[in-house]
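Alright, structures below, take your time with them.
Note that subunit A is present in both complexes that follow, paired respectively with subunit B and with subunit C.
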Partner chain A sequence: MSAIDSGRIKRLITLSLIYILLSFFALIYIYPLVWIVFNSLKGSAGEIFSNPWAPPVNPTFKNYIDAWQIANFGRLYINSIIVTSATITILVLLVSLAGYGFSRFRFRGRDALFLIFVSGYMVPSASLVIPLYFMMRNFGLLNNLLGLILAYVGLNIPLPLFIIRSFYNNIPANLEEAAIIDGASPFTVFWEIVFPLLRPGIASIGIWIALNTWNEFLYALTFLSSPGTFTVPIGLLSFFGLYANAWGLILAGFVIVLAPLEIIYMIFQKQIVRGLTRGAIRA
Partner chain B sequence: MTRVVFKNVTKKYGNYVAVNNVSFEVEHKEFAVLLGPSGSGKTTILKLISGLEFPDKGEIWIGDRIVNKLPPKDRDVAMVFQNYALYPHKTVYENLAFPLKIRHVPKDEIDKRVKSIAKLLGIDRLLERKPGQLSGGEQQRVALGRALIREPKVWLLDEPLSNLDAKLRTYMRAELKKLQRELGITTIYVTHDQVEAMTLADKLIVLNEGVVQQIGSPRELYEKPANVFVATFIGSPPMNIMKGVVRVHGDTISLNFGFGIIKLDKKYFEYPESYDNKEVLVGIRPEDIKISFGKEENSLKAVIDIVESLGSSSILNLVLDKDTLIKALCPGYFEEKMLGKEVYVTFNPEKIRIFV
Partner chain C sequence: MVPLIVTYLLFRLYPLVFTFYTSLLKWDGVRTPVFVGLDNYVRLFNDAVFWNALKNNCLIAITSIAVEIPLGLILAYLLVIEPGIKFKSFFKTVYFTPMMMVSSALGLLWTLLYDPTFGPINNFLKTIGLGFLAREWLADPSIAIWSVILVIVWQWTGWYFILNLAEISSIPTEIIESALVEGASKWTILKEIVIPMMKSSLFMQITLASTGSFMYFDLIWVMTRGGPMHSTEVISTWLYREAFFYSQVGYSSAMATVLTVITLTIGAYWIIKVSKSVGYR
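Take a look at the complex of A and B:
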């Protein structure tokens, strides 16, 4: 056997082992989702518990219809869309401007200030629930979507700011200088020259913020008390009883909550990874 | 008429003085070159003229206006950056059109001028491409086009040829000079390459550490450098510099190098009495040194150390003594077997420079 042949065989074996390993991990991640979907399509709790690992014999969407109506998912979706889109809009605006300042302006304490903002990422969000609760109560922001939006904005500043600043660092300063000499106003420089180059970064952080905000449960549960203000993750609580749980409805509820974000992530995963890693590598 | 005048301009960044009391004038339609090593203040001066920076002291005039505090858009200058600074997300057409678009020039006028400048620079077939799809030379032409399309009063170029390969650089140098002459724009060009400076400049301004060393035509700076920095910065190979002591004897001057003495007529030097009996630095360009194999009048003994053949000429590295090495540029080809050979060097007295 020639050296070329044995090299080729080695590569084939290595590649096969890698694929087997990746398939194994993919199975571990994907199967729970598949399990949820299978059991959400079963007509009764008896069918779920008799054989939880098997696909449905007679799949039905009854659980989805009932879950939607009982939890009033229509209202919950509207609230979640309002909270998520407002959080994205405010955060993108804030970090775009703050990132520009941290990248382009030199002032005393700039790096220390940036570090303070970014190190917030290390603080577990659960540790902030109690102090935030008292602050919101004092400001009359409890049981209010605006209060939740402000909490989410504060919570999600660190990583987007870090990524956007590194995107700015990759835009050569003399692009802006050229535009200034060409006669552009500061707004035109930002809008026509800088912002289009930031778009990939903004898309990445937008999707990341959406993922974090849509699925957020603890803050929503703590700061919202009336059903009219609940977001989608809270809706799942409707199916948990004091003495018994409606598992078919719970599982259908999971799919209703998770589906939109999973679909968005699957469509945009390349951009997300590219945006996050590009920002990180060049930081 | 657009002159650019710098009067005693100083620019500091904290404690660092980037431009130190600089004064010069660039006449209407003149091609002035700012030449100096990295960190000499050339790009800072360009930024001061363009309005990207403001001076701490002094006056900057463009035409008949002081522009010290004027923003860039009101100075009517255009700049080409070292890395071209083309907008990567815009097509060539949009890059060229941008300066006119933000000045609200009508669309059909923009179209006419873009196509005209593109044709002049030979980039008319590239208008729909983006900068990332262009070669270095093509990008450079787009950058030139964007700077020219506004018909500015002053053209600022910050080492625009430095990213091109040697052959393209030589070609573009000639094209640039031709273009500037045809358009008649007052131009200030920055470079650290003395060959570029010598070939392009009507007026050469040499800078070092933020201070002007000498201003003049390339020929003046080459033949009569004001100091050792200019003497050794301009010319390739650079001017040879040797330490010597001057003695004036009536109508002759003797230069005592320690390893040898040469005697010259006083008429070749200005105010020689002012450095009588003083240690000076003596400069002589490699092409002004004559090599002979026999001793001649006023010659110094040397040994050939290295021969660098350039084809039609050779650079000889000569050892005069253990501390003194000079280079001589000689016509013709010198063989390897010349290494170590003893020769005699004679300096052209008209070309000897003395630096105190």
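Take a look at the complex of A and C:
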């Protein structure tokens, strides 16, 4: 066997090993999802338990229809959409105005104030759940989506503020000064010059806030106890608690909860990955 | 800026101060609180469940540093160093899917996968003749924490893969190529070139992984609620139970204060770096 041949064989083995490794990891991520979808389409519990690995023999959407009605997913989705969109709107507004201040104006205590704001990222939400619970109770905001929204706005200030300020810092200030000298109003300057350059930053924090809010579990669990106000994560938990033995229903519930986000992710993969990694890659 | 300051003051800073103040009280949340000084902290120091929870938080942190980050790094490095690998975007898409899962759904999904009687994991082990390995994954106190940690590894490895892929891809290709031409092995390149160039990013990943490990709540609450016999308890689940199930509001606040001190200490590196940074890359 010539040297070239053995080199090629070695290369072939290396490549196959890499493919095996990569595929193994792909499999452990994909398989649970396939398992959920397959079994959620099975009509009887017997089929799920006796043959958990096989695709359904007679696929049926009955589990989906039942799960949707029993868990009241329509309500859960509406609540989650209200909370998430309100949180994003308020936060983007607050953070982009304040970020502008932190980036463009020098005032006493500016850096100390910024430090206090971003430090909040290192305070676990569980550490503040007790006082927040009593606050919400005293304001009459338990079982109220407004209370949840306010808590989420407070919770998610630090990282978006940091990201937005960085974006402002990368926009040269003389761009704005030149426009003001040319006679443009402050509003025009912001809207026509600063905002277009800020847009990728707003998209990033928007995605980050959306995912964090949609996912949030602890505060929703603590502040909400009446099912009509449940958001998706705790609605699913309560559904699971009541129907833990009806696997078909539960699995259909999983698909109802997981599928929309995964589909959105498949479509906007680039933007979402960029938005989420932005704060983490390099500070 | 004023609305932001007010919101922050009301929903972040005031609660922080309130928690610390409450930690000095004996209070059930209803009756008049009694000032007890540092009693709650003394009690904390003698609470075996608390120490076990702290240990579990540390285990989660250690596995994220020793398993998730290196695994993510190696998978990412393989994709970059072997340009011939096909289906790259497929792997990228798949590894990131857990990041898009609602965490309560993710935890409940694994509760079913782990189910001792009907769950596919035990089922699979029996099918391939390894039935003796089948366990009560979440009900056996001696292994439950590792079952939970396995899910956490599953959840986060893909995240570190994506992060490191972005970092390695930003290293100029000529550097790696010229090292290859000079005959350096791929392992040497990873060790001598790639990792040193990523030092600050890796340090940041380790910092955030550690603080994140102390903030864990959702997944554990959903899967085990800290049980069986407190074996999967972490600080946040234990303080939650003490406050909202046992009405030990003062004691729980002491735990919350300790937790905050821990995460702020570990996260100090991040905080300093972030508050000093001017631009964004």
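The rule is simple: the second predicted complex is superposed on the first by the 239 of 283 C-alpha atoms of A that agree within 3 Å, B and C clash if a C-alpha of one lies under 4 Å from a C-alpha of the other, contacts with A are read in each partner's own complex, and residues count from 1 in each chain.
In the analysis below, a residue touches a chain if its C-beta (ideal position, glycine included) is under 8 Å from a C-beta of that chain, and two chains touch if they have at least 3 such contacts.
The shown structure was predicted, so the numbers you read here are calculated from the model rather than taken from an experiment.
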> Is A:177 contacted by the first partner subunit B, the second partner subunit C, both or neither?
Replying inline: first
> Regarding the shared-chain residue A:77, is it in contact with subunit B (first), subunit C (second), both, or neither?
Replying inline: neither
> For A:190, is the partner it touches subunit B (first), subunit C (second), both, or none of the two (neither)?
Replying inline: neither
> When the two structures are laid over each other on chain A, which of subunit B and subunit C touches more residues of subunit A?
Replying inline: C
> Should A:131 be classified as contacting the first partner (subunit B), the second (subunit C), both, or neither?
Replying inline: second
>> Shared contact residues on subunit A, subunit B side and subunit C side combined as an intersection?
In response: none
>> Residue numbers of subunit C touching subunit A in their complex, please.
In response: 1, 3-5, 7-8, 10-16, 18-19, 22, 29, 75, 78-79, 82, 84-85, 90-91, 93-105, 108-109, 111-113, 118, 120, 123-124, 154, 157-158, 162-163, 166-167, 200-201, 204-205, 208, 211, 214-215, 217-218, 221-222, 235-236, 239-240, 243-244, 249, 252-253, 256-257, 259-260, 263-264, 266-268, 270-271, 273-275, 277-281
> Which of the residues in subunit B come into contact with subunit A in the complex?
Replying inline: 50-52, 71-73, 77-79, 81, 83, 85, 87-89, 98-99, 102-103, 146, 150
>> Quick check: in the complex, which residue numbers of subunit A touch subunit B?
In response: 172, 174-175, 177-185, 188, 192-193, 196-197
> What part of subunit A is in contact with subunit C in the complex they form?
Replying inline: 15, 18-19, 21-22, 25-26, 28-30, 32-33, 35-36, 48-49, 52-53, 94-95, 97-98, 101-102, 111, 113-135, 150-151, 153-155, 157, 161-163, 166-167, 169-170, 211, 214-215, 217-218, 221-222, 232-234, 236-237, 240, 247, 250-251, 254, 257-258, 261-262, 264-266, 269, 272-273, 276-278, 280-283
